[in-house]
Amino acid sequence: TDLEVTHWWTSGGEAAAVAELAKAFDATGNKWVDGAIAGGGSTARPIMISRITGGDPMAATQFNHGLQAQELVEAGLMRDLTGVAEKENWKDVVAAPSLLESCTLDGKIYCVPVNIHSWQWLWLSNKAFEDVGVAVPTNWEEFVAAAPKLREAGKVPLALGGQAWQRRGLFDVLLISLGGKELYNKIYQDKDAEAARSEDTAKIFKAAADAREMSEGSNVQDWNQATNMVITDKAGGQVMGDWAQGEFQVAGEVAGEDYTCLPGLGDNALLTTNGDAFYFPVLNDEEKSAAQEELASVMFDAKTQVAFNLKKGSLPIRKDVDLNAANDCMKKGLAILEKGDVIASADQLVTPDTATQIEGMFTEFFSDMSITPEDAQERFAELIENAD
Amino acid sequence: MSSKRPNQLFRNLNAKIASVPMILTAMVVFFGGTIWTIVYSFTNSKLLPREKWVGFDQYERLWNTNRWLISIENLLIYGILSMVFSLVIGFVLAALLDQKIRFENTFRSIMLYPYALSFIVTGLVWQWLLNPDLGIPKVVRALGWESFDFDPLYNADIVIYGILIAGLWQGTGLIMCLMLAGMRGIDEDIWKASRVDGIPAWKTYIFIVIPMMRPVFITTLVIIASGLVRVYDLVVAQTGGGPGIASEVPAKYVYDMMFLGQNLGQGFAASTMMLITVAIILIPWAYLEFGGKRRG
Amino acid sequence: MEPSISIRNLSLNFGALKVLKNLDLEIGKGEFLVLLGSSGCGKSTLLNCIAGLLDVSDGQIFIGGRNVTWAQPSERGIGMVFQSYALYPQMTIKGNLSFGLKNAGVSRDEIEERVRRAAQVLQIEPLLERKPAALSGGQRQRAAIGRALVRDVDVFLFDEPLSNLDAKLRADLRVEIKQLHQKLHNTMIYVTHDQIEAMTLADRIAIMRGGSIMQLASPNEIYMRPVNKYVAQFIGSPSMNFFQGTIEGRRFMTEGLTMPLDGYEMTGAGAKDGPAWFGIRPEHVASGEAANAMPVTIDATVDLVEPLGSDTLARLEALGQLFWIRMDGQATVEHGDKLTIGFDPARAHLFDEKTEERI
Amino acid sequence: MEPSISIRNLSLNFGALKVLKNLDLEIGKGEFLVLLGSSGCGKSTLLNCIAGLLDVSDGQIFIGGRNVTWAQPSERGIGMVFQSYALYPQMTIKGNLSFGLKNAGVSRDEIEERVRRAAQVLQIEPLLERKPAALSGGQRQRAAIGRALVRDVDVFLFDEPLSNLDAKLRADLRVEIKQLHQKLHNTMIYVTHDQIEAMTLADRIAIMRGGSIMQLASPNEIYMRPVNKYVAQFIGSPSMNFFQGTIEGRRFMTEGLTMPLDGYEMTGAGAKDGPAWFGIRPEHVASGEAANAMPVTIDATVDLVEPLGSDTLARLEALGQLFWIRMDGQATVEHGDKLTIGFDPARAHLFDEKTEERI
Amino acid sequence: MTLHGEVGAGADGGPRGPRPRRRFSRRNIFIYGTLIVVSVYYLLPLYVMIVTSLKGMPEIRLGNIFAPPMEITFQPWVKAWAQACTGLNCDGLSRGFMNSVIITVPSVIISIVIASVNGYALANWRFKGADVFFTILIFGAFIPYQVMLYPMVIILREMGIYGTLGGLVLVHTVFGMPILTLLFRNYFTSIPEELFKAARVDGAGFWTIYFKIMLPMSLPIFVVAMIIQITGIWNDFLFGVVYTRPDTYPMTVQLNNIVNSVQGVKEYNVNMAATLLTGLVPLVIYFISGKLFVRGIAAGAVKG
């Protein structure tokens, strides 16, 4: 049976990863009809939502975890996967229960989490630092200190893409890594405006201001273009999720030799778990419905998980898989995951609406030098205050 | 042949039947859609429309959102400048082409062809041309003007002008064509009269031809204005609203709110504001155009 | 007569199309010249050349003794009035009148004065503040004349100024233009294809055909002694009646009729025998009793009657062909009536059959 | 006379503008009726109502005894000819002529036959395969008439069919239309604002003004006995000359002149004393010797002369006002000449000063 | 007044014959100079697109975007047409081309047919209330598509044609209607009313007049409408992506996918080639029918 699967994985590493999913599904005798939409979630999501609400749903579609799809689920537009999940015992093997949790509504499971992503990584180009004669930093502070040298050498210290989500992401990483779990939870989970206004947060905004300065001259839009700046040693480093690793791999770079990864910016080895998930809209076609369940099962399958995540650069969603092939960075991540130093990502805590507003605010902040960290903090606090 | 007045509904029935698509479009899509949008702007609909009334909350939030205000400001700047420049450039080019020149067709085609390209393509090309590391700025610097520092797409203060350059590139050709057509429609004798009166050509254009081209200018303004509210594609392709939110526009706000922010209510509120603005501009014009005069 | 405008050997081509062919024309100071001809004969083209609105292909143009062949229209000392009025629609009439002067740097007072004077002459003072759209056709044309008037020039050019007006207005404005000329004594060149206008306005009429001037003479001369059959036929409504025949001795012979040509003034050398056209104007044909007094009489049948009120036109059948005559307004004839008509060959016009030149 | 068209109490409004006001009109079978009036008086509107191209606001229209008030234009048995010819530009003349017949489902042979006949009548056979753009104005108008002709209808409507043609062609086609009517004997309604056309073509003329009919009568009657001053002034070129004065007894008195009204036929009850207009047509004024034979003579000075060839018009100054007379074509008068003119009050027209109705 | 030099002086010492024209008069230099500068502005992007699409990546990275290619390669074109990847599909634009054709042809035809009939009804058969509908329709020309996206989704869903070609055609027809109807209405209004009256007297009804009289006279405006619609629909991204499925994605969606699927460095040459390929159809149409377009514009758009 042909199933149309929409997603926005179109960069090199991503596409390779999707191919693994498709291969596995095709192996079951079905056919994966690829519906990639380039331009990221912001381009793709409206299309997906329109199609689902318009009554012409695809068979499966990528969404981020969290609240994005909740209303569609509530409206009864998504297939209930509880049956498959129970049969295959997802609950017991899942590596990040919170991710499965966010697929669950009223005790029913509506999506298949396919990977674990974490945002809190600093990727550094060894060569870039070598060029300017500075040791490769081991944490954020050293990195900041090395920035002027890089500048002098005509390199951009911190590569930062222009898209809104990258900018908020940078801030959130700083918040967790420099501010710690408690502050993070107060702000995003409890929506505590006081915390957002506190001294501690002010420090984070200071750091953000540093980052802003360091990122001047990036002049790229997409995250992987920014990554590419690191790969080509034009930039010192980039704060980006673990998916950036896929790009380094595609470029043939080796962790530790060509580039260095610092989880938690080297300061505070805490990771948020985040991930991609697939939802399966309700279809009228019996045959397709059956195939949908098959696909869900394939996606969660241990073998597929390994193949997929190696390509994608993310961590598998199952703990019962063998990751010998994993590289340096991935292993670092796994270790942290195992220690349980994980927290829910912001996407799971705030509504897309609030998230968009915060993104807007940070896009502004990171591109407009005239906004003081204090102003930005106050605006941030207001958004947190009004978040629902 | 009855001597009674037949039922008016059935007179020229075919014309009415033929107009059904127009009536349906007008009433169901445009009117219905507008009303629907306005109604739901008073709800807090998120991903899906739902009837949870919240009064003017969405509007309050809208007007307290920096991004919306910047969008409005951008649209104003872009709108006014693009009207002014389109009209001026379009007119000047048309006037130049009107001088009985050689290769008129070639020049006209050159100016018109960008109109065949979509805003997406336009945005991409100009994004590239204006890229400080690749495009024109680099070339200018390479030519020796080291301090040349024009990077509209990465400078929040002037990004809107970068978009304007692309927008004008795409649209002025059509405006020029409209103007040219209008100029050619002016009575030859007027030109003769002004030559006999010894009025220089530029003065004739400004004091006589322009006022005579009022209908053309109105059509042109309508076309420019209707393009303005749609400037979305160009912005998305060229800057994605950036740097930061410096080049956001209302249509993008609407789109992002509805589909990214998954806050339909907010998106609808913003839409409603746009519709109201359009209505304020358009209704007097429509009245003048269609209400005031009858065909002779 | 001191020439105000002289045109020497003028030619104009539009690409391969020769519109004016080696045209020579002298126009006296204060003369009212009408260019008359059917559509497309080059009248407007000639006028535009004189005005400098078209570049000549060859030849020279002198205005007031100056060679203006290459001068700009505004430097030629001419004013021009167009068929479509060509008023600047967004300016008031006053604005229309003064725009050219302002451009020429005439002083404000002087402009006021000239506009006032022109408005007075044309009786458009109450209209000065109105826009052209708020005027009737006649008023517009008067304003257009005013615009030429304020330029204080010696030469006025009119290109069918009255064609867009209805019959009544046309007659009125015709008189006004005539009076204007009598008052100002400017040189005027007036293009029309309406022969009534030509006849009533002109000091001299130039009949044009295919880019050349066929005859240049006073209205009376053109009416009384057309140089060729084309002119004879073109002037007069209804047209001159023609019979085909031969001249032998001093007689004209056509089927069933032989006419002595006594009293007919031959041009040039005198009677040449040979095939010829005999033409007689409808108004020179008498009917009823008066006919019997005429040297030639013919019996005819009334075919069609057109009562005009003041006169009555009748089309008759005579000698196997149709024949128009003009009768008194009170005449009461009807289709089918038998009638005797008569005319005096002295009033006839003879044309060579080949060359169509007057004999 | 059996009525072919009767219009009862017809009104037509464009929004608030009342263009036609309770108009009644009966047109006899085979009659040639001309609607004459100045621009904007509602002539075309009336014609369009008859044709069914405008929906009436009130009243009824009968054609051939049938109430067609709400019938489609094609069902009314009319043919129509327009000022701009309105030929379908993309069809040949033949296509133009047969279009209506095809629509009506007439058989192919019949169409051929009718087109051939119409083309023959109008002498446009050689043009049948051409497109309108390849025809001259006169040929186009003939084709347009042909299109009405083939429909084999009883009523023809013409809306200023000749206005777009030049004077010469206009005169020719006028005659052709007249002949067509004599041949076919259809009912014809013809709109024009050219009084020559009206006078020559009409069986009866309806003079319209402001959406009403002022006078409906034969050309002669309208010319000789206009019912009011408007009609009197409207018909005739140059216009009738008017004097303001008073009637006392059977005399008309104006400044410096008293005229006996012997021989003047009063309308209705007879002489009413009081202020009045005295009108006399230019052609009814004699000059020179003939003037002395007239009951009234006046001394006048020549102000302006318009030689038309066949006649000469002169504007005189007499009794402190301007005064047109029509003289012989041979008359030679000049500006400034003194002249005695005379006329017979029996040929005059008297109008009440207030109502402007004929007395 | 002084005379204009000796050249062409006639027997009387004055000028004779045509006024001499200098090839390089100040006026000409100004006019042609301006036009050429402006043309450069208009042509520059096209030039850059073409030049870049013929270069290899290394050369692009090196150099000047305005420099002509040192080594011409058609590889980017091949890649853009047949090899570029989006997700798993590596068949470039080729797949989108036919889809675009399949979408564009019926959409253009149907939207023009409907709009022309509407414009004709509005211009010649005015009925009560027509102006009201028309005004609303024109108002619709100013509504951003994004605003109507959601209501349109609902309408299509209710009609049960969401996601079908019919649905897409409907969307294009609806959104093309305002401007097209305006064009046609203006054009038909400018056709002398007497022609219409004559046809009615000749017994032609609504459709006969439309097909036999109006249609044959309307070539220029149909050309304008066609050009506007072909470019509009061919270039449309939003509706194409929202109302189709992956196997029926039009070329623009493919273009977006290719351009935005960044795999490492942006392959500018491929992007440019893809952009040019996508724009080719409307460009060709413009260059072919440019003259008619201007004529049609003069006839239909200018008379407001």
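We call the chains A, B, C, D and E, going by the order they appear; numbering starts again at 1 in every chain.
Please note the rule applied: a residue touches a chain if its C-beta (ideal position, glycine included) is under 8 Å from a C-beta of that chain, and two chains touch if they have at least 3 such contacts.
To keep track of the chains, here are their UniProt names: B = Sugar ABC transporter permease; C, D = ABC transporter ATP-binding protein; E = Carbohydrate ABC transporter permease.
As the structure is a computational prediction, the values presented were derived from the model and not from experiment.
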Given subunit B and subunit D, the chains that contact each of them: C, E
C-alpha-based rotation, subunit C on subunit D, 0 to 180 degrees, nearest 5: 180
Chain pair with more C-beta contacts, D-E versus B-E: B-E
Between subunit E and subunit D, distance of the C-alpha-averaged centres to the nearest whole Å: 53
For subunit A paired with subunit B, centre-to-centre distance based on mean C-alpha positions, whole Å: 38
Whole-Å gap between the CA centroids of subunit A and subunit E: 41
Mean-CA-position distance for subunit C and subunit B (Å): 55
Per-residue overlap in subunit A, given as positions that touch at least 2 other chains: 46, 50, 53
Interface hub residues of subunit D, defined as touching at least two other chains: 75
For subunit E, residues that touch 2 or more chains besides their own: 149-150, 154, 205, 256, 259
For the subunit C and subunit B complex, residues of the former touching the latter: 48, 51-53, 72-75, 78-80, 82-91, 99-100, 103-104, 147-148, 151
Of subunit B, residues touching subunit C in the complex: 187, 189-190, 192-200, 203, 207-208, 211-212
Parts of subunit E lying in touch with subunit C, wherever the complex brings them together: 1, 3-4, 10, 12-20
Subunit C to subunit E touching residues, read off their complex: 8, 55-60, 62, 66-67, 69-71, 75
Touching residues (chain side subunit B, partner subunit E) in the complex: 8, 11-12, 14-16, 18-19, 21-23, 25-34, 36-37, 49, 92-93, 96-97, 99, 101, 105, 107-122, 124-126, 128-129, 134-135, 138-139, 142, 169, 173, 177-178, 180-182, 184-185, 215-216, 218-219, 222-223, 225-226, 229-230, 232-233, 250-251, 254-255, 258, 264, 271, 274-275, 278-279, 282, 286, 289-291, 295
